[in-house]
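Some structures to go through are shown next.
First chain A sits with chain B, and in the next complex the same chain sits with chain C.
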Partner chain A sequence: MKRILVACGNGIATSTVVATKIRNYLADKGIQADTNQTRLTEVPGKVEGYDLLVTTGEFSGDRKGVPYVKGMSLLTGIGADKTLQEIADLLSD
Partner chain B sequence: MKYIMDGFNWLMAAGPTVMLPVIITVIGLVFGLKITHSFKSGLTLGIGFAGIKLILDFMTTNVGPAAKAMVERTGVHLTALDVGWGSIAAVTWASPIIAILVFAILIVNIILLILKRTNTLDVDIWNYHHMAIVGVMVYFVTKNVLLGVGASLVMALITFKMSDWSQPMVEKFFGIPGVSLPTVSALSSLVIAWPLNWLLDRIPFLRNSKFSIRDAQKYLGFFGDSMIMGLIIGMVIGALAGYNLTAVLQLGVSMAAVLVLIPKMTSLFMEGLMPISEAAQTWSQKRFKGRKLFIGLDAAVVVGNQDVITTALIIIPLTIAMALVLPGNQVLPFADLAVVPFRVAMVVALTNGNLLKNIIIGLVVTASLLWCGSSTAPVLTKLAKSVGIKVGSNSLLISSFAATSMIQSWLVYMAFTWNPIIMVPVLLVAFAAIWYFFDGVKKVNAGAQGDDGAAA
Partner chain C sequence: MVEIQYDKNLFFIQQKFADSTAALTFLSQQLITQGYAKPGYTEAILAREQVYPTGLPSAEPRVAIPHADSKLINKTTIAVATLQQPVAFHDMEEVKTTLDISMIIMLAIKEPHGQIEMLQSVVGIIQNTKLMHQIVGATSQDELYQLIMTNL
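Now for the complex of A and B:
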């Protein structure tokens, strides 16, 4: 089971959208993954031990070496397929 | 007609946990969702409301007596507890007129798009709550549906235009092309920031300031962590209330629990509304195919910026200090300290990351939040009670940094409740003048494709 941390400004709105889309996509691909949501300011304190970090916007804080994908395309729909593919690739390594 | 009214009254009397699933199911069906999907959406919102209610009861029964004891012991007159924007959003979605308001806001967006008077496509139904709450409060005070709907229409008009006008600086500063941010909780600060920034730029020392604080996140980072902040604030309130050590610790953990649990409940609202937003997005992108539009996103996508976080981490402790000394303030800052980054995000983009100006403008915005919040806390409290939220005894009021605590919403609310016959036209004329300034004189969106350039 892969663990993904999805972060946005308040850990509620856009992270719910992105987390749901990632879960649905990975389920279709047969990749077992669990998502947790948090606020961007809490990422450095929480991210350790996750397999992937996805943020809905810009993030330049400490990621503790966890792989990172920008998820804004999943909100606008533009380039969403590429981003989802990237996420799947990172998780299947 | 009588049967419809009877049915409606019965629904009202049953309360939000019953009304929300029914109303959201209907909204979902209108957007073309399948009945099973839209019913699940509605039920999710009803569950979210039940959850918020539970947490609010827990919060007010814990912090209410403590806040009262603190006021009596210290003379610090902070009687309006900040219950957070999520709680206010829940109250908004529980309003009997919410369905009308959602469609009214959407229609304003579509009409402006067809008339090419905006480039922002805003189908983020979730964030409509910021525009809807003003209508909900106006309706609650005046009992006049038309005034309520009118207030939300004006909120929507102002919001879409402000998000157009701020789009170039959002694109430049945050580096996100093709996107605008029609999120009132971030945009509203611009009402103060635009003129104030112009004024501050007259002072060369401020205009050219390179002041920066390194490692703000390292030293102030705990202000960005909800559970730690809740713990500390709870313990301080307990200590000021004269509680013994056990009770101080209990209050601390309870308040930490509130700050961690409220977002979990609020996210149910988001989850429930997501299929509806998606249906609206599919529909509108088909309708406006071929036209280059700014996709309206939640401002959550920009608050991760380093300059925004640094500014917010400095403003948060200053907000608590200001609440104590600001004359006339009654708001006890708590749950919405977590969303200070939203209130300063646009300010940071406007000043291009000038930290000194960000702090000055940020503090003025904070003062406005506290004052407007204090002034409308009594109405908000009555509204919350009317949808079944127990605010507790102790004559405790509730407030937040959302709803009419924000200057844009406060101005519209006041215009519609305080002599609307005179003030609404005054507001509209003033806004038309600003519109002319941005679109006609400065031509901020002139470069945007699909725009007539000088639209006014």
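Now for the complex of A and C:
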């Protein structure tokens, strides 16, 4: 089971959408993944041990070496397919 | 699951605002006055917009999705305003950049991480450029409400 941390401004709204889209996509691909949501400010304290970090919103904090993908395309639709493919590739390694 | 209550009285067409602060103040005050949000939601919305702006860099016409602390919400809903002239909001992803925003969908979310269907639908509307042009061009409150509700 892969673990993905999804972060947005207050961990309420946009991370919910992004996490759901990622879970649905990975399920279709046969990749088992679990998502947790958090606030961007809490990423440095929580991200350790995750397989992937996805954010909506500007993030420049410490991600403890965890692979990182920007999730904005999953909200706007522009480049969403590429982002989802990138996420699947990172989790398949 | 509790059904979400949408309220036509929270849908506003062709609004004129001097800036994003005026727009955010207006919509959050409507949520408070109509009982969906608690006093303090305006301040929370404005503070959040400063740190984590909510303009989305989608195809035009563009949308902002302001929202703040669930603790300040009584009932989940959305408040919508289309703008006569776009207003500048900062970009959620590139906060130093500003975007011309033509519609505001203010989210009032009672359950953190909840309301997945509503949020997915809102994002679906934002990604549907043809629908967005219809929404921004709506000339009556009824038309705006129907366009949104049939796609939620």
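By definition in this document, the second predicted complex is superposed on the first by the 93 of 93 C-alpha atoms of A that agree within 3 Å, B and C clash if a C-alpha of one lies under 4 Å from a C-alpha of the other, contacts with A are read in each partner's own complex, and residues count from 1 in each chain.
Assume a residue touches a chain if its C-beta (ideal position, glycine included) is under 8 Å from a C-beta of that chain, and two chains touch if they have at least 3 such contacts.
Computed from a prediction, not measured in an experiment: that's the story for all the values here.
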Which superposed partner A:P67 touches (first chain B, second chain C, both, neither): neither
Which superposed partner A:T16 touches (first chain B, second chain C, both, neither): both
More chain A residues in contact [chain B versus chain C]: B
Residues on chain A lying within both footprints (that of chain B and that of chain C): 8-17, 20, 37, 40, 56-58, 72, 75-78
Contact set on chain A toward chain C in their complex: 8-17, 20-21, 37, 40, 56-58, 70, 72, 75-78
Sites on chain B touched by chain A in the complex: 86, 126-127, 174-176, 178-179, 217, 221, 224-226, 263, 266-267, 270-271, 274, 277, 281, 285, 295, 297-306, 309, 312-313, 338-339, 341-342
In the complex with chain B, residue positions of chain A that touch it: 7-17, 20, 37, 39-42, 44-45, 55-61, 72, 75-78
Residue numbers on chain C that touch chain A, as the complex places them: 48, 51-52, 54, 56-59, 65, 67-70, 92-95, 107, 109, 112-116, 119-120, 123, 126-127
